[in-house]
Every structure is written in C-alpha cells, then in structure tokens.
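Notes follow once the structure below has been shown.
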Amino acid sequence: MSGHVRLRDLTVQAADGTPLVAGLSLAAGPGTPLVLLGETGSGKSLVLQAIMGALPPHLRRTGEVVLDGQPLPEGRARRGLWGRRIALLPQEPWLALDPTMRALAQVAEVYRLVRGMPAPRSRAEAEQRLRDLGIEEAARLYPFQLSGGMAQRLALAVLRATDAPLLLADEPTKGLDAARRDEAALRLRDEAGRGRTVIAVTHDIGVARILGGHLAVMLEGRILEQGPSERLLRDPAQDYTRRLIAAEPSQWPTQWRAPSIAPPRPAGEAVVEGRRLGKRFQDRAVLREVDIAVGRGEVVAVLGPSGCGKTTLGDLLLGLLPPSQGEVRRAAGLAPWRFQKLYQDPPSAFAPHQSMRDALRHLGRRHGLAPTLFEGLRDRLRLPPALLDRRPAELSGGELQRFALLRALALDPVFLFADEPTSRLDPITQQEVALLLRGLVSERNLGLLLVTHDAMLAQRMADRVFTIEAARLLPAGRAG
Amino acid sequence: ATGTGAGAVDERVLRIVAPIEIGGLDPARSGFIFTRMGVVETLLAADAEGRPVPALAERWSVDAAGLEWRFTLRPGLRFHDGSAVTPGAAVASLRRALADATALARAPVATLDVAGRDVVIRLARPFSILPAVLANYGSGILAPASYDAAGHVQAVIGTGPYRVLSITAPMRLEVERFDLWWGPRPEISRAIYLVAGQGEARAAMAESGQADLVFGLHPATMARLRRNPALEVRAVAIPRSRILKLNLASPFFDSLAERQALDLAIDRQGIATALLRNPSLAATQLLPPMTGDWHLADLPPAERDLPRARALLASAGWTPGPDGILRDRQGRRFRVVLTTYSTWPELPAIATALQAQFREIGVDVDVSIGNTSDIPRLHRDVTLELGLMSRNYALVPDPLGTILTDFAPQGSDWGAMHWTDPQLAAALARLEGATAPEERRALTQRASAILHEQRPVIPIAWSELAVAIGRRVGHVAIDPFETSYRLQDMRWREP
Amino acid sequence: MSGLAFGRRVAALPCARLAGAGLLLLLLGFGLVGPWLIEADPARQDLMASLAPPGARFLLGADHLGRSMLARLAHAVRLSFLLSGLTVAAAGLLGTALGLLAAWEGGWLDRGLSLLSDTVLALPGLLLVLLVIAFAPGQILPLAGGIALALWVEFFRVTRAQARSLLARPHVEAARLLGFGRAYILGHLILPELAPILFTLAGFGIGGVILTVATLSFISIGLKPPTAELGGMTSEMLPYLAEAPFQALLPSLFVALAVLACHLLAGGRPR
Amino acid sequence: MSPSTRSRPATAYRTCAGGSRSVGGNAWRVLRPLLSRLGQAGLVALLVGCIGFALMHALPGDQAFRLAAERYGPDIVDARAAAAMRAELGLDRPLALQLLEWLGRVVRLDLGRSLVTGEPVIQELRVQLGYTALLAGMALPLSALIGLPLGIAAGLWRGRWPDHAVLSLAVLLRAVPAYALGLALMVLLSVRLRWLPPGGFEGWAELVLPSLTLALGLAAVSSRVARESVAAVAASPVLAFARWKGLSERDAVRRHGLRNAAIPVLAVLGLQLIGLVEGILIVETLFGWPGIGHALVHAIFARDVPLVQGTALIMGLGVVLLNAAVDLACLLIDPRRGRQAA
C-alpha cells in the first residue's frame, strides 16, 4: 500500500491512430513527488488519466501501469482503487465539482462514505481541510459562487481528504495568486513528505521548484528528459528544457519597455475609455468610480486577487456588461468586431459541437477573410493543421487558448481584452504568446488590456499596471 | 328467503352498472335514474306490457267526455323526509313538469287541481294516453322540501321504496331501503347505481363480480359473457328503433321510388348480424313486435335487392355518372350528408355500413358524426338531408305518445320531415280520443301500415336491452319500458 | 433550465439509429407503396366476413365491417404519418421559432409569449381542437392544425428555456463579439445544441399525435368514415379486442413501431 | 469530458471570496418569483376564462340545442326544449354583456351556475376537481415510482439490456392509447386475478386501476427523460470526480447523479402533469371516475359556458402555480437558478 507506481511503454492513441502519448516509461514512489512539465498539448493530462484509468472511451491505451508491483487491473476493476489507492485532481475543477452541493459536503463525504467516519467527525475533518487551504469561509458556498482559485483549492481539499497513497494532480495551482500558489504547492509537498506518492502536472517552474522531487519534461507525447528536480532545473541537459526554464516570466529579459509609475491616461489617443465607471451586482459594489483608458499601441495590465472585479472591468469596457454608473466611450468609426476578448476559460468560449475548422471557416466567410490569413496566424501560433478537425473537448487547454487568440487576431482588433491569456500555457508558449501580443500591440497599434494574477508577467509586458483594491482601480506602484 | 336472520343488518349492497349518466337532480332531466332506482314514483306506473297500473294513485277515473281525470292517492303515503304526501304536493310537482320540457307538457292539460284526496286533471281535448304520460319519469312526485327558494331541486326527496343516501353526479347514486314505503318491504336494503360509459368496462365489471346488474352490454361482448357460468345474460326486446330520417323536400328523397330504392339497398341482415349480433333485430317495419298492435304481423322480411333499387332510381331520373355516382337530369350528383351521433355507439358503425351499401347503388354519402342535438337543429334549419338516429317509442309507455309528435302533420325533430299524410293524421287524431280496444287496435294497425308504405323514415334495426345478471341476485325482472329496475322485487340468492 | 445542459445525450450505438431509420423507411414505404400494391378498396365491406381471421382472402384479417385490414392499414399508415408529420412539423417549427424569439429578445416579448403559452396550456386542448375542426369537420388539415395549436407549447417551452441558458453562455457572447449576427448564432450555435432534445420531443410527438387522434375518435371527434387512420382504427376496433385480438391490436402495433423508430432515430447522436 | 458540460456559464465561478449570500437573501430568492407568479396566475386565469368564453361562442352549433341535448337527454331534446332553454337562460343577450356579467361575478368569487345541471359551478368543480386531484395525486407518485427507477437503471446501464428493455417497455406503453391500457389492466387485474375492482370509487382499491393506467402512460415518458438525463450526468465530469473520490457507484449516483439529473426531469414532468388532462379524460370515462376531465368534455359538447370558463379559470391558476412549484423545486435542487433569475 505504499504507492509505488511504474509506467512501462505507455501509449495513448486517438481513434484515428494518431499517437497522443508515445512509449512513455516513468516511475514514482512515496516521498519524492514526480512533476510533469512540458509543452501544452504534449499529453500530460492524458498520462494522469491513463494512470487513473479514466481516459475518454474513444482513446486507446497500450502499455503497462504497475502499482506496488502489480499491474493495475483494467476497466471496472480499477473502480475499487479510486479514492483508496489512487486519487486524481482534474484539470478543470469547476466542471468536476457538483454544482448542486455545498463545498463542505463535497469534502466531508469522502470521510464519511469512503473512510467510514461518523458524520460529525467527517465534518470536522473537512472543515480542517478547508482551513488548511484558506477557504474555510467557502464551506457553505456552492461551486458557482467560488472564484476560479477557490474552486481549485476546494478540489485540492477533496484530493487530500482521500487517504490514497497515490495522488495525481493536474495543474493544481492554476488560477492562484503567488502567495496562494506557493502555499498550495507546499501542502502538496507535505503530502509527499507524509509518505504518499504525488504526481503533479504544472506549467509553473516555481511550483516545480517548490515540489522538488523528480522531474520529467514532456514534448509531443514523449519524455524528453527526467531526473531529480533540483538538478534538472539547475542544469538541464536538453535544449528544450533549458528554453522552458528560461521562459519563466521572472527570467524574461528585464524589459521591453520601462514600466512607469502608471500615469492615469495613455500617452496617445484612447481607443476605449471608461469614465467614473461603477458596477454593482445585486447589493454589492464590485467597482466604484473607475477611470480607465487604453490607448492605441499600449498594454495596460490589471492585477488583483481573484474575485476583485478584473473580468468585470474588461467586460464593461467591451460593452458586455452594462455599467451601473459612468460611461464607456470608444474611438469613433470602428467596426464593433474590432474590439475583442480572450476568455479566461477558453473551453467555454467555443461552441462545443463545432470543429475548429468550421469555426474558422464561418468566421472567414462572415468577414470575407482569406484562408491564407488564418494559415499565417496558425503557423505563428504553432497550431498544427491536425488540430483543426477536433472539437473543443478534444483539445488541450493551451491549444484552445491559442485558437482563441487566432480567432481574435484574424479580425485585426484595435482593442483586445486578454483575460488571463497565458495561465494555461507552458512557459515557452506563454512567452511566445506574450511576445506575439506585445509585438502586435506595436505592429498593429493595438490597445491591450491584460488581466492577470501574475505580477511578474504584468511587469514584463505592460506599459502601465493597475490593481483593483476595495473596488477601486489604483496604479500598481502606489498599491504596493 | 332473506339472506340474513331477522334483526341482523344485511351488509350486502346491490350494484347496478349502466352507461347513462346522472345529469342532475331535477326529475325533468335525470328523473329516469331516480324512478328506475325506486327513489321517485309517479301517480301511475306501467306493467310489462306498458299498460297503466296504480302507483301513488291507488285508482283513477275519467269522465265520459274523456276530459276530466281523477287520481286518488293511497292513504298514509310518506315522503322520504317523513312528511305526508298530499295531493297538493303532487299537483305542485306536476305543475313544474308541465312547465318543463317533459312528456306531460305535450299533453293538452288545461288545469291541475286538488279535490280531497284526489288530483284532478282537466284536459282541453280527449287524450287517451294520459295515464301513460303520467307514468313517465318527468311526472315524478317530489316533496316540497326538495326545492330551494329559487325553485332549484336541492335534494331528491321522493316516495319510493328507496331513498337517496348519496349522489356524486354524474357517476354514482347510492340508495337505501325506505321503511315507510307503502308496498311490501323490499329485501335488498342498499343499492348503488354506477355509471360506466365504456362497453368493455361494463363487461369487465360484470365479469369481475363487482356489479350485480349490468345494463347496456355491447353486442360484441354478449357472446363472451354468455359463456361465463357466473353470469346470466338476458336480452330484452325494447320499443326502440334505429331509423333513417329523410328530408322529403330535398330532390334526393322527394319521390317514393327514391325512398324505396334506398330501403332496398340496405343490408339489414348484415347489419343486424355483424354489428348487433342478433339477426332478428333486422327491422321489417318501424315498430318491433313487442309494441303489440303497432307491429304489423305478417310483413315479409325486408330483402336487399340492388337491381330493383337501381331500377327504381332510374325510374326517378337518376342515371350513373362516370364515377359510378348517380346524376339527375340537371347533372346534380346524388351526394348527401348523413348526420348521426355517437351517444349510441352502434350508430356511427351503422352509418359507415350504410355509406358503403348506398355507394353500391351510386349514392355518395358523406357521414357526419356530431352531437345528439344536431338532428333537431338541422331539422329546424331545414338543412338536414339524412339522419341516422335511435328513437325510443316508449318514453311514455304507450308508443302513441311518441308517434303522435313524431308524425304530426308539420313534421317533427325526431320524425318525419316535409311529409304529411292526411290519412295518418286522421287516424292519429282519432286514436287520441278513442278508448274502445277494438277501435284502437284497428286505428293503430292502420297508422303503422301507412308509415310502412310511405317510408317517411326508413327503419334499419330494432333494439334490445342486454343485461348481465350476477349470481348473487334473483327475481330480476327487466322492464322493457325501462321505467324501473324493480329493485324492490329482487332477492338475494343463497350463496 | 441550465440543468438541461446535461440533457444532451451521450452517444448511443449507431446501429440503433440505423435500425430506427430502417424501420421508419419500411413503415413509410408501406404507407407510400402499399396503397398502390394492395388493390383492395379499404372502404369495401363484406358484413358477412366481419372480423374474419387472417387467411387467404384477408391476409391480415377483416375488421368489424368486413373490410380488409391490410388495405386499411396501408392507407392508415400513410395518412397517420402525414397527419402526425404535418402536425409535429407545424408545432415544432412554430414552437421552436417562438421559443428562440422569446429567448433572444427577452423583455416584454418574452413575457407576452410566455403568458400566451401558459394560457394555451391552461386551456383545455380539446377546445382548441374542436374549434379548428369546426371549420371542416372530419378533415385532416384542421385536425392537424388543432392538435398543433396545442402541441407547439411543448416545443416553445423547451426551446425557450434551453436557448436562454445557451444564449447566456460565453461562446455565444464570443460569437457576438466576433461580429456574427442573430441568424448565425441561432442557426449555428443554438439550434444544433437544441436539435437532440427537439428530435426527442418530435419522436414522442409523432406517436402522441396518433394517440391524440385515437383519443379524439374515442369521444367521436375524428376523421369521418370511412377514412382509415391508425388512431381512429384503434378505438374503432376496441370493442372487438376479446373477439379478434389480432385485428384489434394491429393498429397499435403500427403506432408502436412508428414511435420506436422515432426513438431509435432521435436517441443516438454521433459524437 | 463530455462536450455538454465543459462550458458552464461564464458567471459560474465569479464570486468573490466573501460573497456568500445571506439567509434572508435566500428566502427572498424563493419568495420573489413566487409572488410574481401569483400575479401572473391571476392574469392567466382571467385570460383563460375570457378566451374560453370566446372559443365556446366561436364554436359552431346552436348553444341552446346543445344544452338541451345534455340536459334532457337524446330522447327528449327538440326545438321546443331548445327554445325553452334559450328563454330560461337568456342566451340571446349580447355576448359582451354575458362576458361582463361573468367578469363581474368572478370578482366576487362567484363562478355562476352550470347551464346544464343548474348547480353552482364552484360546487361542481369542488367535487370533480377533488376527485381528479385524488387521481392525479395518486398517479404522479406512482409514475415516479415506476418510471424513475427504470429510467435511472436504463441511464446507468445505457446501451445494455436494461436500457433496451426499458425502451421497449416505454415505447409499448406510449403506443397504446390510455383506454386500451386501462382495459388490459382491468381484464388482467380485475377479471382474471380479481385483485381489484374495475370501476366505481368507493375506497382506495378503486383508485388503484385508474391511477395505475395513468401512471404507466406517464412513466413511459418520464422513464425516457430520466434515462436521457441520467445518461448525460453519468458521463459528466461531476460523476467522474465523484467516482475518483472513491464513492461507490451507488453513493456517487445517489449523492451527485440524481440531483443533477433531476433538474431536467422535473422541468419535463411539470409540463407532463399539465398534459395529463387528456389522459385523465379517458381514464375517468373508462373507470367511471367522477372527475373534471370527463365533466369538461361534456361541458364543451354541451356548450355549458360557465362550467367551461370556471374550469379553464381554475386550470389556468393551476397551470401557473404548478409551473411555480416546479420552478421552486428546481430552485431548491439547483442553487444556480436563484442567481440567474436575480
């Protein structure tokens, strides 16, 4: 029951035979977390799902998964292990949490029904788990009332409630601000310290660093290299790994442009401007007296903890939400579709039944765009043509995010509201996308409103940085 | 023999199932249920042959001119609420009947009076069937307490052997024995009248033993029920006929030849056998044998004769067109609408059969199935062409009551349309006043013969009342005039 | 009804859909070609052969009036499919269109249409059917119209509720931002999502309409004789269930096959 | 991950850490739609009453004749009886006047008297609606008891034999008209087995057959709806996560599957309950049950306008309140609803 796991020659193929994961061999044991790092779409999530035995039905798996010296049983028999010997934190927790059940109950039931504790004790334990992760106030909330980060932590709490010796975690820190991220990573390391086997997927080198243990770098369905984390991060053998580490925002060349102590107004002409904007939801003011303007050819970043109103601000500027007070002005003479948005949750921004090819074809037809335009952008975003015939559910989070960007850029926007555009991307892609965005800002004289958790990213990319605090928009410098 | 010892309460409840719903409390409306169940009585009743017999009135007399009728009430009569039955109360009920659409309202009543224990009815002209009219449920006698201030019937307080325990209109009526009734004490102490509109459901109720008496069995289920050892099935001939009403003013039916042709085209045997399951119901004339003098004894059975029918039509100027449908000299197609209704479930089926049979002589019939009231309405609007209907000739237990209205000279909703026959009118007028049996018999036969020869309506089939009787109950007598179920005469059988 | 977001079915075996399509084609073929192939006149009676069992003369037996069940069924299948197809199509188109309109426009239009649908729901459906039928008693178009008048509400309510939650989804918002118009959004984004549930409703509807006609014939509001129609035949033959169960159950069997076919067809959706 | 569940509304995770809703807000969340529903109910009821009036008068055929036929029976009805009806009931008065009169009375909670029986409409409705409510009240739970477990089983074992069996059963039940089904039950349970009385309404035993007939018809549909939604939920990430937690299949379905699956089922069942009226008519006629469905048909045929209007009015109220009840139930099951409505 110690949770030694070994993968031998694991292969996952799509229905058409395309290998998605190819001949993967890995091992992990108690005490040392195994971290999977790698390009988006390289098959990390699939590896975790394969270990769990929870691949989508139309994918084919070959190879062996051995747990504690015994090959894992196939199909239904694996059910018995779930929650007892293996537990998985899914990549999209807000889809996995039961929308009709309060947070506490979702954790407590693990104690009660899986571990057989009496009800009061289960509740007490569950409360403790929530407290561990700093979301005790969410106990009575439903998942839809949680912000992305809170949902992430709640799912993590469920994972920790199981006493499975093997924990699989898919991007456990996505959507968390720096302090929370470090804390969550530490908790996960503690679990390993308690003798559990932890396998975690992450895009965040910082998290990999905190987790320590063993590191495997993946590219295009294969393991590129693996070894002790510390060594590999310090002294990578492969060029790709080196680039990956170098692409961390903190490692980016200091500046493309010097971030000023943000002046309230852009230097040039404002493409979108909000004056004394206020927004209330029911009885709660989310934003108050916000003055913001985004000029052509500049990047304005908005920082702030989860749930403070960043997305709301962007939506107000785009006219997707009506302001409660104040007004929004746009530069005159521009088609409405030249104001675009990149969604925080890319899977939700695509019609679930449409293949990417159809989505793009329809867009091209609507605006009379040449196919070559799309091809150019696709190359630039490194999206292979094979992905075109997939539907949103069959693409990795990062791939979808890049398709969203492609779609927005094709319309030659003058204003782009990018809501956490890089949180699902591996550092290299993240950097590429950031560079691309930055490049477009100057090349097409685009105004970019960037919303992010990552202060470092904001510092590196933006001309002016703001934070939202107590419903007001403050220049980042002064916010401290 | 009673089922239980003296003093013990008999728990057995007799259940009667029938298709007809309880429309309300007013005797003019749903009175037939209350008289059948022995709740409401009339001054006179009818015996199995339809002859008047004493009921609330123990005797009656008429003056020589046939104008003043006296009815003497039995002594010591009580209403169900315990109050005494007075001639005044009886007259009050009759007055209400007179004001409503009842059979009595059609009698030439001049005045209604009380004289001692007698109810005195004066007529405007002699009307020999007054006793029969008084036996009709519409002339039932209710206690004054039955009516509320506005004159609505609020409770059915009658005089019969049974009184109402509960009514859930339109589906159920429960009665219990009334101990102050004037007749011998009935054995059945409680009974329930239950409505089941669907024939198969009624059959199931008989088969399951839930019902002791089931009225109105569908012909198709009778054979099955007959094989059931737990049931006795009786089919009683009743004075009811399925007939075709014709608009004699329309160019299609104005000549006798046309009517005879239609008559000859009908396969009555087939209809009676296939749909009614009793070949003897094929009608040779309007009124069935059980109506006594109204039935013409030695008529040959009606045979289908298509060649003759075609010949008759040809003689009336109808020649087949290219589509096989007849046309007259103006080129008008022989296409008529046959209106019928589904209150009697066999009517639409018979209409469909007629449609096919008339098609064979080149008559195109469009069947329209509507509401019962469509035939009188279309009659009034003069737009009716053909009507298939089921006519009860003994609502008043003497067919004359119905014949008088149906074949009155100006025509009638349920009888002739645009047809008058002076001879028939004369015969009927004399019948109204006649009292001597020999004279009545001759006139009756004469009237029937005229109706048969002239065919103002075409008879299709007679009717029978099919009843399933359960094992538990004996001494069941089925009244062909359906005035009463005679609950008071029934007995429980020893198990 | 955002929960109905779950309502889209998982893929069923494609062979089930094939079977459904095949069955439907067979039935349609019987209805379309049958009347040509079978020479017997469905209205021709032989009272002496009433309820004749299946045999050489009547392949599927005869009904109570001695008419060929085979000939009647062939005509009935055609008519019933026409009737229910027409009705469901009319009700489905109207209900879906109004549902989309209400969901898109919101506000007063939505409230008005919802009020209307509630009103129609509350009105005894029979009243509507009777009213429309009154224009031409016993004919097929008014009957279809009358039933459709009561049936569209179902489509309306489901469409409206579903479309409302779909329209609130970010991918629709994204499509608007991308400059797509109402026609595109409704046609390409909303309708495909709605299609499975609409097809399921229609599947039930096809059978439901036939049953409604049967019910109407039960209370004598149906197509005029001698029209052969499955619903009417079902109730017409009911009294003979014990005597001639085969003939009495045949029309129901055809309704069952039709409903089954629709279900198999609508039940599975390719991934 | 099924495509259906991947994208939830953007608002799905938009609450600030401290954004919990107060208890008072919860009560309001439930109350407000209820109150507005109540207002709507009144409006719909009135509207339905008026439309009922208009429709009844738009129908062809002579009202007096129809009434007379119903009141006096087929053997008596004739032009004289019709003329008497016309005079007695004042059917010749202008329609607008008749409608206004009705409206005036409705305000005083008086629905008038039936033109056929002369009884107050309210009283007739009380009896008949009561019996129908009894029938429906028995049939619905019964149908849930039959249809939902079957549907759930079919959804969980989709594509395998329970699924096929339930589909066949549902199709069979949906293909047979209610009256044939009722007769079959009658023959089987009353005539052959003698377990139950086939008709009447003396006690609970009589309620079983008609409500079972209704329930089977309803169960056919509800089992399908339940099957679809259970199948969808069974394939959703929510249930997958519940399994990954280690919950047994039973617990996973019980705690996470059913509630999520119940939402569409409820919505459809609410609709179905309204459509029940048609089935009720047949069943009442077949089993001799003195309910409103049967009475309504008679009233329509007889052109008994006050009774039809009264019934329509009460049914209008019923429909809206029922919708509200379904909404409320959804609200209780589905916490997202309250927020969307607000």
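We just call them A, B, C and D in the order they show up, numbering each chain from 1.
In this section, a residue touches a chain if its C-beta (ideal position, glycine included) is under 8 Å from a C-beta of that chain, and two chains touch if they have at least 3 such contacts.
Keep in mind it's a predicted model, so treat the numbers as computed, not measured.
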Farthest chain relative to chain A (centres taken as mean CA coordinates): B
Highest-count interface - the chain pair sharing the most C-beta contacts: C-D
Distance between chain centroids, defined by C-alpha means - chain A, chain D (Å): 47
Distance from chain B to chain A - Cα centre to Cα centre, in angstrom: 86
Distance from chain D to chain C - Cα centre to Cα centre, in angstrom: 20
Residues of chain D whose C-beta touches two or more other chains: 2-5, 7-11, 61, 179, 183, 187, 260, 285, 333-334, 336
Chain B residues counted as touching two or more neighbouring chains: 200, 341, 370
Shared-contact residues (touching 2 or more other chains) in chain A: 343, 345, 348-350, 352-353
In contact (per the touch rule at the top): chain pairs: A-C, A-D, B-C, B-D, C-D
Chain A-facing residues of chain D, complex: 1-21, 25, 237-238, 240-249, 251, 255-256, 259-260, 333-336, 339, 342
Touching residues (chain side chain B, partner chain D) in the complex: 15, 17, 20-21, 23-26, 28-30, 32, 100-102, 152-153, 168-172, 192, 194-198, 200-201, 204-205, 207-210, 341, 343-344, 370-374, 376-377, 379-380, 390-392, 395, 412-414
Chain C contact footprint on chain B (complex, rising order): 199-200, 218, 220-221, 223-224, 267, 270-271, 273-275, 341-342, 345, 348-349, 351-353, 355-357, 359, 366-370
Residues on chain C engaged by chain D in the complex (per definition of touch): 1-10, 12-13, 115, 118-119, 121-128, 130-131, 134, 154, 157-158, 161, 165, 168-171, 173, 200, 204, 207-208, 211-212, 214-215, 218-219, 231, 234-235, 238, 241-242, 252-253, 255-260, 263, 267
Chain D-facing residues of chain A, complex: 52, 54, 56, 79, 82-84, 87-88, 90, 92, 94-101, 109-110, 113-114, 135, 137-138, 140-148, 150-151, 155, 158, 161-162, 164, 282, 284, 286, 305-308, 311, 343, 345, 347-350, 352-353, 391-393
